[in-house]
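Input: one structure, supplied below.
Each chain gets a letter, A, B, C, D, E and F, in the order it is written, and its residues are counted from 1.
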Amino acid sequence: MSTIKLPENPEANPRVKAVFDDIRATRKSDFINNFWLYLAFDPALLEETWQGVKSVMAVPSALDPLTKELLYIAVSITNSCRYCVHSHTAAARAKGMTDEIYADLLRVVSTAGRTNQILNAIQIPVDEKFEADT
Amino acid sequence: MSTIKLPENPEANPRVKAVFDDIRATRKSDFINNFWLYLAFDPALLEETWQGVKSVMAVPSALDPLTKELLYIAVSITNSCRYCVHSHTAAARAKGMTDEIYADLLRVVSTAGRTNQILNAIQIPVDEKFEADT
Amino acid sequence: MSTIKLPENPEANPRVKAVFDDIRATRKSDFINNFWLYLAFDPALLEETWQGVKSVMAVPSALDPLTKELLYIAVSITNSCRYCVHSHTAAARAKGMTDEIYADLLRVVSTAGRTNQILNAIQIPVDEKFEADT
Amino acid sequence: MSTIKLPENPEANPRVKAVFDDIRATRKSDFINNFWLYLAFDPALLEETWQGVKSVMAVPSALDPLTKELLYIAVSITNSCRYCVHSHTAAARAKGMTDEIYADLLRVVSTAGRTNQILNAIQIPVDEKFEADT
Amino acid sequence: MSTIKLPENPEANPRVKAVFDDIRATRKSDFINNFWLYLAFDPALLEETWQGVKSVMAVPSALDPLTKELLYIAVSITNSCRYCVHSHTAAARAKGMTDEIYADLLRVVSTAGRTNQILNAIQIPVDEKFEADT
Amino acid sequence: MSTIKLPENPEANPRVKAVFDDIRATRKSDFINNFWLYLAFDPALLEETWQGVKSVMAVPSALDPLTKELLYIAVSITNSCRYCVHSHTAAARAKGMTDEIYADLLRVVSTAGRTNQILNAIQIPVDEKFEADT
């Protein structure tokens, strides 16, 4: 159940078709997942969102592609975004995430979740030593 | 301003001293940051928390130490934990995070923050292809 | 699947019936959605919650009814409240939200989600110019 | 630094004075904390908010007053609400929260923060046994 | 739908069997809920997580068992953790939570959710009186 | 206190100068707030972020400029982003937000915060009537 109808035959719109073609070319796969299919209800939003994700996740940068997927998962878990968790966990596996790495990811994000609670509770002053200017 | 008083002379308690000694030995530094100083108000909580963090962050595992710090930062940002963000950003820098890596981290976590909102809005059904059992 | 049983024949309780009658009169519709049906398990909580929502959402005020629904959606997305997102998106459509407005809403809340992450990361000092007293 | 100016001489407004008088009578104290002082910028919002908090926190109910404060703290920590954490931690201490109870509270909310992350990650199907109707 | 496959015959692994035996003994029940069944994909993570939860929730401490479950629910609601909400609501009922207590819990956590929003909006300075050192 | 040093003389970099010039032209003001000043530590991130915010907030669209600021505030409150709350509240005032509108905004976002908690607790099934396809 979704808040918008799945657009019928979205590639009849040339702007949508251009984005979908770019998704297929970037991923070297014919599969278009539901996120992009539903977002086709507004071609401009589809274009902007795909460009934003592609420029960060599909372009070589300081962090390697798997690390970027792990970070994406970490944020999506914390925001309780069900779809995002599923799609980026699948993407991480496709980029080499083993069960051992996944368990380690869970270990770190759950430890962070634990100490975040303690520190948001105690409201401890930040050490001057952590100041970027010192 | 904090919800508990900074304990005075916490190392007079041998359980606290043992934890602080282990922190110093693990980090090869005399610096004890405020988190542990304040947590000394309850030696059992201090012990459990330090053991939990140490076993995940200071022991070699599938993920390298810098990646673990980046994940810790990602969760702390999303939970809006000011102290955690500061302490783990400092830790990440100490483990080799350059400004270029930091900018890349910000790019990924902000892109995740962006699409998390869209997907928590549209409530799109998860693709069967993402199912771990398929 | 819910944490409480759907009350059977809730309008047998006159306090529940009075709230449901008011919901029907306020909305000019016979439809009572699941939120209120389930909440009938505790008539006092039902009364307080309906009064709170009605006094804010169904009474004319500085903001127009559609804007109030859009704000409600924005908060519900960010809190990852699935039911709330669905019910208030439906309400917004009933009050005139077009697909074009919906896409614009998604653009704003996702941009906010993006920069919120950057600013919760960098922990920038607030400009004095933003101070209400200056 | 706040988004609204601290109202000057707020009790010149009789609606504000009535609320402040009720706060003082309910708490048996002359102290009015900043929340109510700032909220006086809009007397209607002040009235509604105080009535809502008072009816839940200052009226005897199934849960005892200290437990209610602990629950308030737990939510405020998780929402990273700095002011709320401080004011309700102070209120809990006034109602009998010892350091031992506080440490126990931190233990529970941090354990919840930890497993919430794991479960929001793995997206495990809810056991039928937890269904309220079974 | 989950991000990991439900392990088949997990108790063939002696580390998993030891944890499951301890869960059954601690709870005096043969029922192992899905959380632990899925977590068996990584025996070390299963062990650590169970030890952490058990030491906080199943060992007598300053707070009584029901209050600890209520706090767990409060955090899980605020983090929008569907599974956690269901499992700990069921646990709270098993430990004596009546519908009356549940309604009171909902009253407190929703009031906190309400004022958290106002205070995160207005960014009011914390009263000095709330300072732990004063 | 911030996680990055405020860049000195950032406009010596022509990419930074171009963004700052565009900010000044778009806003018809010489004031550059701290967000952009700090973000200048990475000119590419500065460019992308400014383009993203500008294209949504400074370009005419279905929603009027004030409504967009109110939505931005609503998300920022819920994410507990202190800087974002301050900067967008100031922006909303500059675009015509009166105290009366602000109080109404607080009423709506706090009511949403309240019912979000109840619904994330009870986990009520979404009414079929809310389905976009029906």
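One rule holds in what follows: contacts are C-beta pairs under 8 Å (C-beta built on N, C-alpha and C of every residue); 3 or more make two chains touch, one makes a residue touch a chain.
Remember, predicted model here, so these are calculated numbers, not experimental data.
Looking at subunit B and subunit D, the chains in contact with each of them are A, C, E, F.
Because subunit C and subunit D carry the same sequence, their contact can be compared by residue number, and over half of the numbers here are used by both.
Listed candidates were A-D, D-F or B-D; the one reproducing the B-C interface, defined as more than half of contact pairs identical by residue number, is A-D. Centroid distances from subunit F, each centroid being the mean of CA atoms, peak for E. If you average the Cα atoms of subunit C and of subunit E, the two centres end up 27 Å apart. Computed centre separation for the pair subunit B/subunit E is 21 angstrom, with centres defined by C-alpha atoms. Averaged Cα coordinates give subunit E a centre that lies 34 Å from the centre of subunit F. Residue positions 1-4, 48-49, 52, 75, 77-82, 85-86, 89, 100, 103, 105-107, 109-118, 120-123, 126, 130 of subunit B each touch two or more of the other chains.
Residues 80, 85-86, 89, 99-100, 102-103, 106-107, 110, 117 of subunit F are the ones that touch subunit D when the two sit in their complex.
On the subunit D side of its complex with subunit F, the touching residues are 1, 3-4, 41-42, 44-45, 48-49, 75, 79-81. Contact residues on subunit D toward subunit E in their complex (touch as defined above): 1-4, 31, 33-35, 38-39, 49, 52-53, 56-57, 61-63, 67-68, 70-72, 74-84, 86-90, 98, 100-101, 103-105, 107-109, 111-116, 118-127, 129-130.
Against subunit C, the residues of subunit D that register as touching in their complex are 1-6, 48, 52, 55, 126, 130-133.
Residue ranges of subunit D in contact with subunit A, taken from their complex: 73, 77-78, 80, 82, 85-86, 89, 105-106, 109-118, 120-123.
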